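Pasting a structure here, questions to come.
Letters A, B, C and D name the chains as they come in the text, with residue numbers starting at 1 for each one.
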Amino acid sequence: MQNPYLPREAEIVERIQEAPTIFTLKLRFTDPAAQPGYAYVPGQFNMIYLYGIGEVAISIVSDPDETETLDHTIRAVGRVTRALSRLKPGDRIGVRGPYGRGWPLLEAQGKDVALITGGLGCAPLVSVIRYIVARRERFRRLLIMQGVKRSDDLIWHEQYQRWRQLPDTEVLLAAEVAEPGWTWHEGLVTALFDRAEIDPGQTIVFLCGPEPMMRASIYELGQRGVADEDIWLSMERNMHCGLGHCGHCMIGAPFVCRNGPVFPYPELKALLGKKGF
Amino acid sequence: MNERREIRIDVPVLARVEGEGALDLHIRDGRIENLKFRIGEPPRLFEKFLEGREAFEVPDMVARICGICPVAYQMSAVQALESLFGWRSTPWIEAMRRAMYCGEWIQSHSLHIHLLAAPDFFGFTSAPEMARDYPDEVRRGLRLQSLGNELIRLFGARSVHPVGVRVGGFHCAPPKDRVARLVDRLRAALPDAENLVAWTASIDLPKDQQDFVSVALKHASEYPLYSGRIVSDTGLDIPVDRYEDHFKEHQEAHSTALYSLLEGRPYLVGPLARLNLNWDRLPEPVRSTLAKTGIPFPSRNVFHSMLARAVEIHLAVVEAIRLLENYEPDVPFVSGQTRAGSGFGCTEAPRGLLWHRYDVDENGKVLKARIVPPTSQNQARIAEDLHRSIEAFGLDHSDDELRLHGEKVIRNYDPCISCATHFLKLKVIRE
Amino acid sequence: MAEPSHYLPRSEFPRLLSVLASAGYRCVGPRVRDGAVVYEPISGVEDLPKGVHDRQVPGQYQLEQTAEPRFFAWANGPQALRPLTFAGRDKLWSAERKPDGSIDFKSDPPEAEPVAVIGARACDLAALYVYDRHFMQSAYPDPWYTARRQKLFLIAVHCTHPSLNCFCASTGDGPRASYGYDLALSELDDGFLIEARSEKGERILAALPVREASAEQIETADREIEDAGRRQVKGLPSRNLKDVLFARLDHPRWNEVAQRCLSCTNCTLVCPTCFCHSENDVASLDGSRSEHYREWDSCFTQRHSYIHGITIRPDTRTRYRQWLTHKVGSWHDQFGRSGCVGCGRCITWCPVGIDITEELAAICR
Amino acid sequence: MDRKLRVAVHKFSSCDGCQLAFLNAGEELVELFELANVVHFAEAGIVDPDARADLAFIEGSISTHEEQERIRRVRENTRFLVPIGACATSGCLQALRNQADAARWFADVYSDPSKIDHLDTATPIAANVSVDLELWGCPVNTRQVMATVSSLLLGAPPREDKEKLCMECKRKNIVCVMVTQGQHCMGPVTRTGCGVLCPGIGRDCYGCYGPAENINGDAWGRWLEQKGMPAERIARRFRYIHSEAEAFREAGRRWREKS
């Protein structure tokens, strides 16, 4: 029987520093046979193993059609991720996956897509933006809303500037604390709703970020007539196995690793925001 | 001789003694003007916080006095408390205590010989350094040390602050198969132990004959460990509860530590004192292994302490085999009522006589505890020896040589300074 | 209820062990160790807890020796089948780092040997059904669980001596074992009724010196089992409690139980359906080798719900609530049944005697 | 690794038992000396107290002015500082004086306490300087210290475990001594790490690894009180090896007030 817990060896092909604590690792399996067959959709994740230290769940941010490397954008926050941040090209790590349910990109085709994120560089959605931009014609209007705590925290500045130039694309940014030179909104991301154009029947919304911010956004979306079924969100919970066995990531009945990490809002509605779930 | 030389050697941290001590040596005009062996271990007040505790709490507390010889502290304590309460332990319990104690001797003596003392005599600063040139000897030492630890673990689950000892006996009897495996290991270690005796006897030790008083337990038939009367080579022969009549502690003018004297004289406790007083109790084959070295006992050379430790490792291995080879589990402890009064316990810690006294009230709580560890008892002897042997060594040696010799002398006593539970006054030296 | 059954006299009971042994099974069964009935390898019937009764009340477990001839006159012990399938600690794989920096991953597949378990209870078998679904009928079958599970030969013994903490009758899982076994026994004073339910079971049965059970024997056995159900004093409401519980997340009782609960994890670790585990790495000192382990975890720990900077369940109230809302609530969505099989272990082995049936009664009342 | 890890082992007020986690390590000790550059470890013969170190293990509590000074110097010289053992993490038994009339205790033992360099308290290292990780246990064991070294060599601090002893007790299929024998086992309030030594030999845990996270000392004591244990004895259970670890100190204080 195959051991589903066993990682496969991958090599770091390139390491990109995105921001002081955020970096991207471009990986390639050392077994050449493993690479081509590796299929995933944006929003799915891998368990990344740092030799001798442990595994962490990290979303896949590369474009699924790009089979050369497998990219992960990681924020160095703790024991494993900080040590991962010190790796260099050529270093080896372990990878197993892809796991979970990704963003409903097929369903989103032909619709307006609103991508709303909060917090430091929400990698899973940036990869969706890139995915859509690369296939712009399949989607209708693209609305990007991103909020950060301090304006300095915003990463991928130039990309936001580039994206806002695209046809039918709206980019709205907000910072709770604006440093001099910030030309975007000062305040919470939810304040951006008053400026955004949202066509409730036509829009599918992808949310990613801290749970209070997602809840506030859902409220605003509801006020604007967006149906619960059209709202999708990406969740994070403590995760060990990624296979739906270890029990850490349950939110009520759903396992984030198996039934998520991307959920349609109705599946979580009852427990979202309930302290303790 | 009219050369004027003033040196001050200050060794702030003594390497390779457990705990920390320091030696101040002040030489003026070719004479030792001032010599201080200071125990730098900060006071921890064990005797105070034992007050108000119930008997069942004592063994786990006194273990913490010393991480190197916790079994000794537990054994003296349970002996004192059981004698006070009048609980009669069984032959099985006594035998197992002796076996566990053997583990501590093997462990502590191996640690001392290999990691602490031997590097001195071969010109290394540490055992890992010595391991490069003498890998077999150091490995043999580590093997014996680990065997001793395993023997403690058999009864105590771990070798430092073991958890198996209780007033009345043990918390549980070890399973038979584990004991059998350990007996196999003990048997396999006999050649190591014998070779160790030969090896320590072959080390070129300073030939330094001194006059000193040896004090140790003496048992009717066995080499002393867990029980016996307190005897000396000056004719003392008393039961343990009369200790306080003959041994007095006092404060030396310039020292921080408590000095213990027997009828006004410094005295030696520990492996050499034990062997000097009990070589006739050595069982075969320990006796013949020692005889093969050609070194006669009693010995007046304090540096033979190291050989005495090796002999006691051999003895402990042989004893442990004897005590455990026909092992059957048995009722592991006795118990009963507590009662008020004073109880005394005295056993042979690896470093020598360890004497406890507990005064207990009618609720079974400790009113007062007095613990006289071997290191305190050797204080006066170490200071005396240092003075003598450094002068005999020759004060014209370089500072470094003097320092090394002084350290060698102190280390030879294996002073476990953490054990020094109580000190009297501290005199701060200011220049 | 009575099915055609065979009778094995007590004097022939050792034959069952020898037949199992010659069929290649290692026998695991109940025996007394450290004051409790535990399932461990047995070498003969003399290892079985003959005449032993257990007295279980919240937070207490005591054995009592009687002169009775029966081997199975007790309810249960702290663990039954759980450690035999989902072990406290398992090495999942190891990795070696070569001098060139490459990593060699090696799976450490479980080496399961055929094991016959004598004395499985109905509640244990019901719990195994949940584990099977969780670990085996998964998109990623767990090799350790699966290997051990497939080598198990299960001999149920219908329960006739429920403890004061048992309530399997109310959950519908006992006292009679009704599925999941190879052989089932009913213990009578002078022998056993024995019935096979699998081909493996039939083969063993065929090698035993059994005779047909009398109607009277069958009737006695049935009556004892039915009595056992009736004697149970605790119970769970038989309906699905999911909606009630999730509607009462702010019930004051959660606070009240949190005052008593030690958050010590014992309830979850003796529960035969709890499956939480964590994974850890242990590297050698020189870093040339690292081993990856999984071990039992529990929703009562802080780390269980930690995500960077936030602990989802920081206090005992939310942890206790997680355990109950999952066990008898969201469990229904996950496994199509409640996670409680009525064995009463979490009540007995809670060091401060918290009683799940009382808590649920207070909250769902 | 371009340069060997520089490791130091310092001793303050203690019994030396935690250093034995190294000295009893056998082959692993020899291996450690090969892998790392041990710059100060007096008991093993290497003395350079002011050496700069990447990793320093600190045994012992701070109970004299000299120690207060010395720990500051060690902190300045150390990148990653790890107190080991009860003395260094909570003060151990000698910290019992913190809650007593320390002056009287000294006066009882010393004829002139003013001449001894001592503080009225014995405090953990973290109360004196910042620390990077703590290894709890009285004493710590070889596995704990070596796992720290190996993890740091691999680039990350070791995983810290604050769970209750009961978890490991259950994983090892040890039969609970509290439930079967009514022993006053401290497992439900004690941090895991020892390998469940005490219940493993059929006795109660006495808490030598210190408090676990989120303990409920009141509920634990109330249960024993109902079973007949006097409040004063419950208080003493907490006022033992880790009397000054906050959770035990508070539980001990409340039970003492009740008695």
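Note that a contact is a pair of C-beta atoms (placed from the backbone, for glycine too) under 8 Å apart; a residue touches a chain by one contact, two chains touch by 3 or more.
What you see is a predicted model; the values in this text were computed from it and never measured.
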- Task: Farthest from chain B by Cα centre, which chain is it? Let me know.
- Result: A
- Contact tally winner between B-D and C-D is B-D
- Query: Using CA atom means as chain centres, which chain is nearest the centre of all the protein shown?
  - Reply: D
- Approximately how many whole Å separate the CA-defined centres of chain B and chain D? 25
- Query: How many angstrom lie between the CA centroids of chain C and chain D, rounded to a whole number?
  - Reply: 37
- Query: Taking each chain's centre as the mean position of its Cα atoms, how many Å separate chain A from chain B?
  - Reply: 65
- Distance between chain centroids, defined by C-alpha means - chain A, chain C (Å): 40
- Residue list for chain A, restricted to those that touch at least two other chains: 51-54
- Quick one: which residues in chain B touch 2 or more of the other chains? none
- Would you give the residues of chain D that are in contact with at least 2 other chains, written as numbers and ranges? 150-151, 154, 159, 202
- Throw together a list of every chain pair that touches. A-C, A-D, B-D, C-D
- Within the complex, chain D is touched by chain A residues 50-54, 79-80, 82-83, 86
- Task: Using the touch definition up top, name the residues of chain D that touch chain C in the complex.
- Result: 28, 31-32, 35, 146-147, 149-151, 153-154, 159, 162-164, 166-167, 170-182, 185, 187-189, 202, 213-216, 218-220, 222-223
- Query: Which chain C residues qualify as touching chain D in the complex?
  - Reply: 33-36, 38, 59-62, 78-79, 83, 88-89, 259-266, 269-270, 280, 282-287, 295-298, 301-303, 314-316, 348-349, 351-353
- Item | In the complex, chain D residues that touch chain B | 11-21, 23-24, 26-27, 29-30, 33, 38, 42-47, 49, 63-64, 67, 92-94, 96-97, 100, 105-106, 108-112, 115-118, 122, 138-139, 141, 194, 197-198, 200-203, 206, 208, 233, 236, 240-241
- Of all residues in chain C, those that touch chain A in their complex: 92-93, 95, 97, 101-105, 107, 109, 134-135, 138-143, 146-147, 246, 249, 275-281, 283, 287, 290, 292, 294, 297, 299, 303-309, 312-313, 317-318, 321-322, 325-326, 329-331, 333-334
